[in-house]
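Below you'll find the structures, each written out as structure tokens.
Next come two complexes built around chain A: one with chain B, the other with chain C.
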Partner chain A sequence: MKTFEIGVLLIILLCLPFSVAFAARIEISAPGEQTIPLAMTRLLPMGVGAAQPAIATEFQQVLLGDLDLSGLFDMVDPAAFLGDADKLGLRRNDIDFNQWRMLGSEALIKGGYRVTAGRVTIELRLFDVITQRLLTGRRYVGKLTDVRKIAHTFADQILKSLTGEKGPFASKIAYISKRTGYKELYLMDVDGYHPIQMTNHRSIVLNPDFSPTRKELIFTSYSKGNPDLFRKEIYTGRESRLSLKPGLNIGGRYSPDGREIALTLSKDKNSEIYLLGTDGTIHRRLTNHYSIDVDPSWSPKGNKIAFVSDRRGNPNIFIVDIHSLDVTRLTFEGKYNATPAWSPKGDKIAFSRMDNGVFNVFTIREDGTDERQLTFGKGSKEHPRWSPDGRFLIYSNDLGGEKSIWIMRADGTGGRKISARGGNDSHPAWSDRW
Partner chain B sequence: MESSRKQRWQQLQSVFEPGFKQMLLISVLLHLLVPILYYTPLFPKHEIEKPPVYRVNLVNKIVKNPQAGRPEAAPVKQKPAVKPKPKPEPKPAVKPKPVPIPPKPKPVPVKPKPEPKPIPPKPKPEPKPEPVKPKPEPKSAPKPAPVKKKPQPKPAVSKAQESALEARLKKMRAAQKQKASEQARKDKLAALRAAAIAESSNIESPTTDAPVGMMDGKGDQAGVSAVAFVQEFIQKQWSFSKYQAAGSPEAEVKLFYNAHGTLLHYKFLKKSGNSVFDESLIRAITKSRQLSQPLPESMEFHIIFNLKDMLDKS
Partner chain C sequence: MPKLTITRLLVMLCVLTLLASGCAKKPVVEQPVAAPESTQVEMTQQQPAAVTEQAVTDTATNAYDAAAAARAAERAASKGLARIHFDFDQYILTPAAKSILVSNAGLLRAAPAVKVLIEGHCDERGSDEYNLALGEKRALAAKNYLVSLGVAADRMSVISYGEEMPIDPAHTKEAWAKNRRANFKVKR
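Up next, the complex of A and B:
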């Protein structure tokens, strides 16, 4: 009898899962749309005060440029905008989200400006059209000349709220330009505006790099006859020689913590990679080989350095562990691999490789896998450097016979020229967030 | 002969080293061992990943019991297309008979007796009309039955009318012939079309008669399964950029739709931990609050969202 009861119980237990309501399982392994439809209205004047449409135009142009470069968005055509676009309403309740939804928009940027006593106030909002939530809102106050900066800063903010990580648009790019006839150090915005000459050495200035902790740059200059390493404070303009060893003092790069500088010295008649303190004293020699070792680039963890060496014949990228001094070879293809740049996320190393007489930008993982060519076509693309968030790369391109600074997304798409003509610009370096 | 062969064999054997036979045996055994070893877990086999099947629903009619089948099979129309295939063969023989139906009324009652007598070859309808003329005369006497034909037999006396009748008959015959030939041509065309369809579908798969349907279908109704429809609908509403992606996020959401296609409630069974990713899902779900078509019944879906396909491509 007992066995019968147990049997019945077992049958009931077995049947239980089937009595549960049916739920279909679905896997969706890619979104239907791979861009975010975004509507951006023109800034409208707030309160009293004369309307200055130039402010709205400039702001819109800068913000659109940044958002387009990000590759995240699909902008809704302003020609299709309905009545709500002409209303200033910056509060959630003032906005007719259904209008924006009808246009297929998922995100909405609205804003207004006010000019009082030579100062501009710009209020901006980013809304989620679908959930009708405010994603981010900012009020910026600045001089009339700060409109571009405000637009870049808000672009960073938009990226932060839609990707979880701030954008790099409100930062600076240092580069070498021959505008004056000499190779001098310059600084400009990420979109190429506001170029400022930083040095006047009337010689050759090369290889700039930003300090990660201070508003400071290092670079190599021949102004004293020898390629010495210089340091320059950006705001004070104060300048000093950091390393003036006989021979080369080139390719200086700050460590991620800003406490050391890796560079190439040839004081012993052969170029080797060294670590310097910020006071210019030699901390350590990292390579010891009769071949040429140049172009160091720190891993973001600060424990490894990628560099170029011809110790196996052709110039290739190698990685040295700064503690054990073990050297591993990274690239095997191509006849000339140069200028490695370790991404701030640490996952990739960008470099340029010459094929058929033309340099192109490539990326490779630290373990030597997943090598990808990012640029193609005419023009030598050299000296790639990462944006502080790893989203973009800048490089120099001699397309059209003159070198200029270009920017592209880290996957090689969206490449565009940012520096103005006539400068023969090269050796870009991207600052940390400003 | 035999002894010489033996001798040669012995000679041959003497050439071999003493342990040759054993070695040969061992070699054969070792070779046999190779395939056996291959199927042991020592050599893990990497399953070849099937490429994803992309299904495009041109008609999103949702049915409760979608029929099973292969996406590459031709649409349901295929059945009628295949049917004509057997038809064309018997038809040309059979059809001509039904075709002469129009002239029937006149000769039908008459046929039985006179036909076999004057013309032994009965098979074709064409000769039928011919004997019609003489028949009405003898028959009109014994049988008043063909009431309808009255106008014919009566005027048959006058030659003018007879010739008129003949002309009419000729016309009818010509029409009949034309119809027959047209039909034959149509049949031929149908047969050719069917053959072409059969052939073309043969190229894609050997079983042309497999029904069109959904991969997950088990029923007999032509249409899209609700699961496939909802999957496609929600996927369309979901926008997420690869530049937003960090790592490989995955979230699982439970959605409950009523039969009207209205979302009653949803719940995250597992969040991805990436707020940007999860928020994009909330947007997609909010946009999918009302499906564009009703469902066959209230349904619950467990949807796993990830970026496998998108990140693979980049």
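Up next, the complex of A and C:
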């Protein structure tokens, strides 16, 4: 678990006059709508320590990856950079803003690094080129292996400075991989790096979900001969069975406040949606129908749950009010709609629809309007889950014969594979801010 | 003297051989007492009914042993219980599935000591959780039909593996048809 020790200490908020000018001038409500011309210089060595260009290269690669995925930026070509790019000056007065303005850049990232006694210090600045103001300044200190994490953390900060809402790049993805020959639970970074095997059940592990309040995961495992719901503390590795009713104990999802878990049980010989307490006791049964009811997903307010049911024939998405138990039908198009995921922003529900044997990801509003297809083409795309800021979706895609984890923007653009080959990776879940 | 010694030796040898054979015979007299006792104990422990000699002579070779007959029925069940198949997204039993279940029920009724685990499976199409529920419905449909055919419900348990354990991993119609199934596993 050492990798999870947060070796990165966000030490000093270097500059307080956090500017809202940028957010006011460039309104960004959704990715891809408008892009900011951004220049990002290479990290330069600070002080007396020997230069370690590998640090600058790794940092740049990770940060560029995040900024590209965000879809918010139009990167200025580094080949066009003028003299100021090679100067370490990080203070406002040291920077020749006119050079950057000439290149058409509206925002500028400058930074430096220093290595002392095996620890790396990285100082970063984001400037508004037009107003010549510092938007955010950060100093990070960590181990040499923390460079990626520092880059992700700064990417989150850049999004916060420019849009008012932090990015999700420093969070974690849980997923199921068959790398060892058995389906086991894994964790990785949002860009697919640092995969870590979390279970060794040598059985079938399925469908993880993060606790919103603790560093904890729930998932289903057949390791005791029945599909039981397990809970696992991420840092201690402590694991216990939370629900072991006869039959299915599957699709567990924490409520937004972390106090209850919605899941499917079939203890009465038919799959129904229930609410459990975090001690595993049944609080409430939400559905009562002889058809299949599976795949619960909470609304961010915690008062409604979207789920899949074939009560009208084919599998479709329905919504149940957890207080009145009123059930309304959400999807009417297509013959097979499954795996709903309610956006943390509340406005949309993502789901996958199968057509001619191939799943694609769609979104729809809670009232059933504005249905949009986000993915197209070959490969079955299933199990969409939202990033904590609602900007991105993660899903599995079997393009090329084996399943892998992909990520895209909430409007369906920018899709890319993040998990490595050979894992048959599926069932992704996105952590809250880590 | 030497001659005499030889004759004496010969005589002694004869006597010894006789004695030896006599000695060897003596336990034979006692053995029959011990041996039947022990077999009888064994038999009563195993299956008291099987002691009757009539069964041995009257009927086929191994049928005298009811335990062996039960074992044979068990073997027949564990080998003979055939899997059934389903249509896409369905758990309704097809006529073909029903006739297989009739034969499975016969095997299970003949082996009343056998307990069976019914596994429900799906093809890879469809969502994983939905298929876990569908696989369970398939296993339960098979179980309920077997109950209607006289197999005690408490002899059967069900588990669904959804689409997790395909027989044929290919992405073809033929593979999907094979994978949409319920299996019967004899539990020890």
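Please note the rule applied: the second predicted complex is superposed on the first by the 401 of 434 C-alpha atoms of A that agree within 3 Å, B and C clash if a C-alpha of one lies under 4 Å from a C-alpha of the other, contacts with A are read in each partner's own complex, and residues count from 1 in each chain.
Note that a contact is a pair of C-beta atoms (placed from the backbone, for glycine too) under 8 Å apart; a residue touches a chain by one contact, two chains touch by 3 or more.
This is a predicted model, so every value here is computed, not measured.
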First (chain B), second (chain C), both or neither touched by A:Gln99: neither
Touching partner for A:Asn424 - first (chain B), second (chain C), both, neither: neither
Chain B versus chain C as contact partner of A:Thr121, first or second or both or neither: neither
Which superposed partner A:Gln52 touches (first chain B, second chain C, both, neither): neither
Chain B versus chain C as contact partner of A:Arg409, first or second or both or neither: first
Touched partner set for A:Pro37, first chain B, second chain C, both or neither: first
Which superposed partner A:Asp295 touches (first chain B, second chain C, both, neither): second
First, second, both or neither for A:Glu382, with chain B first and chain C second: second
Sites on chain A touched by chain B in the complex: 21-37, 70-73, 106, 128, 130-131, 162-165, 391, 409, 411
Chain B - residues contacting chain A, complex: 226-227, 230-231, 234-244, 246, 254, 274-276, 279-280, 282-284, 286-287, 299-310, 314
Chain C - residues contacting chain A, complex: 89, 125-130, 132-134, 136-137, 140, 158-161, 164
Footprint of chain C on chain A - complex, ascending: 183, 204, 206-207, 222, 225-227, 247-248, 250-251, 264, 266, 269-271, 292-295, 308, 310, 314-315, 336, 338-339, 352, 354, 357, 359, 382-383, 426-427
